[in-house]
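Read the structure below first, then the notes.
We just call them A, B, C and D in the order they show up, numbering each chain from 1.
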Amino acid sequence: MKLGFSPEEELFRAECADWLQGQMAGEFKDIKGITTLTAKAERRKEWEQQLAAHKWSCIGWPSQWGGRDATLAQQVIFAEEYARAGVPGRVNHIGIELAGPTILTFGTEQQKARFLPGIAAGQTIFCQGFSEPGAGSDLASVRTKGRLEDGEWVVNGQKIWTSLAHISDWIFVVTRTEEGSKGPKGLSFLMMDVKQPGIEIRGIKQINGDAEFNETFFTDARCPADSLIGAVGDGWKIAMGLLAFERGVSTLGQQMAFRNELDAIIAAAKANGQASNPLIRQRIAKAEIGLRLMRYGALRMLSNTDHSKIDGAALTYKIQWATWRRSLGELAMDVLGQAGEVAEGSEYEWGMLPNLFLFSRSDTIYGGTNQIQRNLIAERGLGMPREPRGDL
Amino acid sequence: MKLGFSPEEELFRAECADWLQGQMAGEFKDIKGITTLTAKAERRKEWEQQLAAHKWSCIGWPSQWGGRDATLAQQVIFAEEYARAGVPGRVNHIGIELAGPTILTFGTEQQKARFLPGIAAGQTIFCQGFSEPGAGSDLASVRTKGRLEDGEWVVNGQKIWTSLAHISDWIFVVTRTEEGSKGPKGLSFLMMDVKQPGIEIRGIKQINGDAEFNETFFTDARCPADSLIGAVGDGWKIAMGLLAFERGVSTLGQQMAFRNELDAIIAAAKANGQASNPLIRQRIAKAEIGLRLMRYGALRMLSNTDHSKIDGAALTYKIQWATWRRSLGELAMDVLGQAGEVAEGSEYEWGMLPNLFLFSRSDTIYGGTNQIQRNLIAERGLGMPREPRGDL
Amino acid sequence: MHFAFTEEQAMIAETVKQFFTENATSLRTRAAMATDGIDRALWASFCAELGLAGIGIAEELGGAGLGMVELAIVAEAAGGQVAALPLLGHAMAARAIAAGGSAAQQGDWLSKLLSGEAIAVCEGSHSLTCTDGKLSGTMDCVPHGGIADLFVIVAPGQAWLVRADAPGLSVTSHVTMDQTRPLATLQFDGVAADALADPAAALAVVPQTGWIVTAAEALGVAQASLDLTVGYAKERVQFGRAIGSFQAYKHRLADMMIEIEQARSAVYWAACAVDEGAEEAAIALHSAKSFAADTAFMCAGNMIQLHGGIGFTWEHDAHLYFKRARALQSMLGHGDWHREQVATMILGAAA
Amino acid sequence: MHFAFTEEQAMIAETVKQFFTENATSLRTRAAMATDGIDRALWASFCAELGLAGIGIAEELGGAGLGMVELAIVAEAAGGQVAALPLLGHAMAARAIAAGGSAAQQGDWLSKLLSGEAIAVCEGSHSLTCTDGKLSGTMDCVPHGGIADLFVIVAPGQAWLVRADAPGLSVTSHVTMDQTRPLATLQFDGVAADALADPAAALAVVPQTGWIVTAAEALGVAQASLDLTVGYAKERVQFGRAIGSFQAYKHRLADMMIEIEQARSAVYWAACAVDEGAEEAAIALHSAKSFAADTAFMCAGNMIQLHGGIGFTWEHDAHLYFKRARALQSMLGHGDWHREQVATMILGAAA
């Protein structure tokens, strides 16, 4: 067990920091410090390409596909320095962290050659088509249909909560390709070009007035036959594999964003005197401890090489961060007081902390509600009986 | 809506207070301030008889049976003054509050004549035989068998968590009188003399080192045929009716005991300086508010005359007080600090507050666990689907 | 001693519930949100048709008589529909004038306020200064400050009436999280103020009125959050089952009901204690405001969670309840502050 | 950077887990509870056979070397069986002597302590006075004070060794809620004390050792509470179903696991940070002690609840875990205090 970094690793840290800080002080100054997922999307696509040009886009990938075969420690260091330099989040995080690894694991050599360079280069922005209306947390209930017709997959149906679909180039879609199949069987995993007439994107306005999520409608949308990842009917297996990638190194980057939020709360509390309120002090201390424990939980799961056993840190990670962040939003508002309910401008648009308060109500819902997470933990982690499906 | 009392009611209050305080200053001085259920049991049976001799034993009962036909306000006043005078709890509370009302509601005239005078007079102490091993919260799973033989009921089986059985004269028992019946059907409700060779009582030592609860074994235990309340097979209905009596005026007496516990915490906090700890202050304030709200919840349910609708205050009362008291135990220990973990004497026996901490862990379990309570609230109160029974 | 509605109270409850359900629709509320945060037509019919704006004001002053219990009944029903109404400020202001105004001040304003012709807002301030009858300073976060015709301002030992169009007063309305009750900043530069005749009498009724209205509104928000979620639980199917059949879901609904029942006891205890002048009124008010607001927040938060994705969309009404609940927590004293007042009553002042 | 056990650490973990499971049985623990609260035979074999009493003590001093990670592994396993052992006081005392004792003091005591021949207890005091090398005053709530041969007492800037049989020292052992670690009162009336050569060095290791042992014990208590409840959930039938099939029950188990996983991160983060002399060690220690103790209490409380009636009987082991968990919360600083230390680090001192 070792937490510190070696001198070589500290050299690597300096290299990352130099480059990232240089970029944020120079050419990409204009995007430094952005905290939302959607602001300045076009400029941030250029940033994706800049990262790629300097081989910083996907350092954990094999060098053959644009990565650096980086060690875990290097990936941890890069994520930390990325956030420390105030670089905004990756608009192609779904491509880099989900689509790419999925193709690396389940794709053919041809598919790797077709997709990976574009993703690595920041040219192909991906989004994710899993959830459907009426089947929010229930991937097995997917009803979007895919059929093979004249060497092409033809897809009809509707997806929902497609984060960032409006700025994406490609979408991966779980479709029901076996007519009449039910549950996890008969599903397939397809890669589709978003920019085609058969696909229509409509933003969903959220509680905070913003629209990060979308409804995505498929009306005879098409993709070539070889856009299928894995075999026909493998959709469930591949989707499950993909969800496991969500708990990878990207969690560290996400935590650095949380760090910024907690730091803003600490600064606000110091500024308005709430820092001397003993009740607020306890809550800030709890938030601080929770964030640190998230970091060490992530390092535990990343350090874990024994995949034969259930990884408790990984299994409990989603509900842990989502619940933590929702509480953080409440803490932010209690620190700010009534003033936190007033917008700065003349639009219904929110600064970092009130936005955190509002948006974090979705954290415990998307990507598997807290209730679904507890089912998974009890069933997979503790061997409890599964919740029975009904037949409605 | 009216919270205050009329001048006549205040006169009644003075009458109660005079008599109760007189008793606690005089003849029954030796039992003043006892807070456990079991201490000085024999002396407290004499107290039951003293109450009866002055018609204070069951003031809400009809005067025909030893009561005073007291109004709700009078019952509230009596409960308040009873506790204010430092009178210990009723060792016959099960007789007065559960057995008596059950016989009044479901018994024949003969049964009333046979049982009520003894209960009212404090001569017949009752306990309750519902729970069984393996069916803690599940009354419908009762396996104790009763059969009619030569004009007598013969009972075999085992009950558990029979509070106060060791000082009781009679027990009411839910038995399965229909061979092979399942669930709530085929149960009957019997009154049995505890002091017979067929009934054996064994104390269950609890977490606090005390033994208030018992296991009760029935081996060809007997009672006359007319000890059956209601008809054969009515056991479930009568047991459910009885459980409703639990939410009667007696709740106010129970609350006064809680008041004493909270007051002891407040006194301890003032004495040891924790009263100036802002975190403790919040928790004490919450406890105070919770206790007040219990009082007004009880008054709401007692004032409610519209029995056609679900009474939310009544339905949520058990989990509310049980959860409140369990938290109170934790608060008590945090106020006392490590010193609270040290016994005063040389035995494993606990003062009021540490005992509260330990014993209150059972409050959220007996009489229907918090989990069962939430089921009932969601199902009866909110119309949610019932939890399906299994067939194990 | 009878802690249940009288027949008259039950009738008022039914009437106002029907009124708000029929009139304070989501559509109308959203229209109000898009402008200045009140539904003027709704307020007009509330005042004129129902005549309930005069609750808590003596009949000899042109009010409807009745008391805080009836006011709570009205506020609970309004909260249940997150109605975009100036009820809170109105009740505080009208009762302050009724209690502490001179006959002239009462004559100038009460009938206008009760008829809905004028809208008043009442707010406390610790920072305004008054020199030669002229007020200076700033007041932040005044709910519905942007739509008031009259401000009733209370300060320690003093209280004033200030017309919204008084020279030197500038009112800036802000985009506010809860769009049904926008907050405003009031800037006073030597504004002529009409001192209330009996400020102590006004001060005595203002906080209690505010706490009862906010607590009762919160109770309505909480109950509506539960009711809407119960409805959804019965109709929504996930994993082939009505989601209400999932025990974890059921238990969460039960937890909401457990809190709501206590909040209900708290609100009507406080209202009743004020009406009867009971000694307990102070602790009851702090209990009611803190407990009911926290319950509203817990229930509205659960409503979002238990609706899943749809729960955090703009389209669904859950966010209206959620934002109102948050506002109710932060206005007129946070729960922690109210609990500290209770602690002071039973433990003495903090060291 | 590798935040997982090395092979050696995994081996130690397996060994101690097996040792405690086989030897620290409920029967033996209950026998110890009925007397003075330690299982002397268990301590003897722990010291002699396993040789693990020297963890955290340098090999040149006769110890086993290794560090806080290994000590945490041992304490976690001991906690998992609520073993009746003087491990906590021993580790603090031995490390204090190793760090701050003179060669003579080390020679007098270390080998006796590591072999189990003598038992030491270490405790901090703010109230003892020392005049001419003689201690006077009272120390309350000293865990296992009644069975110690040697007391290591640390005070701001000072530290002493005191023999249990020193004239003027009277030790009173109390009936204690957690009978596996009875608390004692020490009364000093001019007791000759042997001042440690380097008190600052001793002071530097005592709190960290105590917090790591208690936090790791708490982790063991929490995990065992979950494991035992999971076992029960699979076998116990209610309403015709395995109770583990009830979703509310499952979710409660899940909540325990969620906390435990964080507690595990906290404990090994703290241990590792101390071993590496990392700057974060201070915040890690406060995090670990507060989080793990609270987790143990939550899990042991849930164990009682989820066992139903049997859970609060004397016969079932649940109460042993519950009482240990409570003791772990209250000893060596309550969670609120530790969190206040964290707050001070990030917000500055309270006003």
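Keep in mind that, in the parts below, a contact is a pair of C-beta atoms (placed from the backbone, for glycine too) under 8 Å apart; a residue touches a chain by one contact, two chains touch by 3 or more.
Keep in mind it's a predicted model, so treat the numbers as computed, not measured.
Peer 1: Measuring between Cα centroids, which chain is at the maximum distance from chain D?
Peer 2: When every chain centre is compared against chain D, the largest gap points to C.
Peer 1: Across the interfaces A-D and A-C, which one involves more C-beta pairs in contact?
Peer 2: Looking at contacts between chains, A-D has the larger number.
Peer 1: Between chain B and chain C, what is the gap in Å from one C-alpha centre to the other?
Peer 2: Inter-chain centre distance comes to 40 Å.
Peer 1: Where the CA atoms of chain A average out and where those of chain B average out, how many Å apart are those spots?
Peer 2: Their C-alpha centroids are separated by 54 Å.
Peer 1: If you look at chain D, which of its residues touch at least two other chains?
Peer 2: Each of 242, 245-251, 336 in chain D touches at least two other chains.
Peer 1: If a residue has to touch 2 or more other chains to count, which residues of chain B qualify?
Peer 2: Residues 278-279, 282, 371, 374, 387 of chain B each touch two or more of the other chains.
Peer 1: Please give the residue numbers of chain D that touch chain A in the complex, ascending.
Peer 2: These residues of chain D touch chain A: 1-6, 9, 69, 226, 230, 233-234, 242, 244-245, 247, 249-251, 253-255, 257-258, 260-262, 264-266, 268-269, 271-273, 276, 278, 280, 283-284, 286-287, 290-291, 336, 339-340, 342-343, 346-348, 350-351.
Peer 1: Hey, which residues of chain B end up touching chain D in the complex?
Peer 2: Listed in rising order, the residues are 131, 134-138, 140-141, 160-161, 204-207, 209, 277, 279, 333-334, 337-343, 345-348, 350, 354, 357-358, 361-362, 364-366, 369-371, 374, 387-392.
Peer 1: Quick check on the complex: what are the chain D residues that touch chain C?
Peer 2: Interface residues on chain D, with respect to chain C: 246-248, 250-251.
Peer 1: Where on chain A is chain D touching in the complex?
Peer 2: 1-5, 9, 72-73, 76, 266, 269-270, 273, 275-276, 278, 281-282, 284-286, 288-290, 292-293, 296-297, 299-300, 302-305, 312-313, 315-316, 319-320, 371, 373-375, 377-379, 381-385, 387
Peer 1: Flag every residue of chain C that touches chain A in the complex, lowest number first.
Peer 2: Counting only chain C, the residues touching chain A are 140-141, 174-179, 183, 237-242, 245-246, 248-249, 301, 304-305, 308-309, 311-315, 318-319, 322, 326-327, 330-331, 334, 336.
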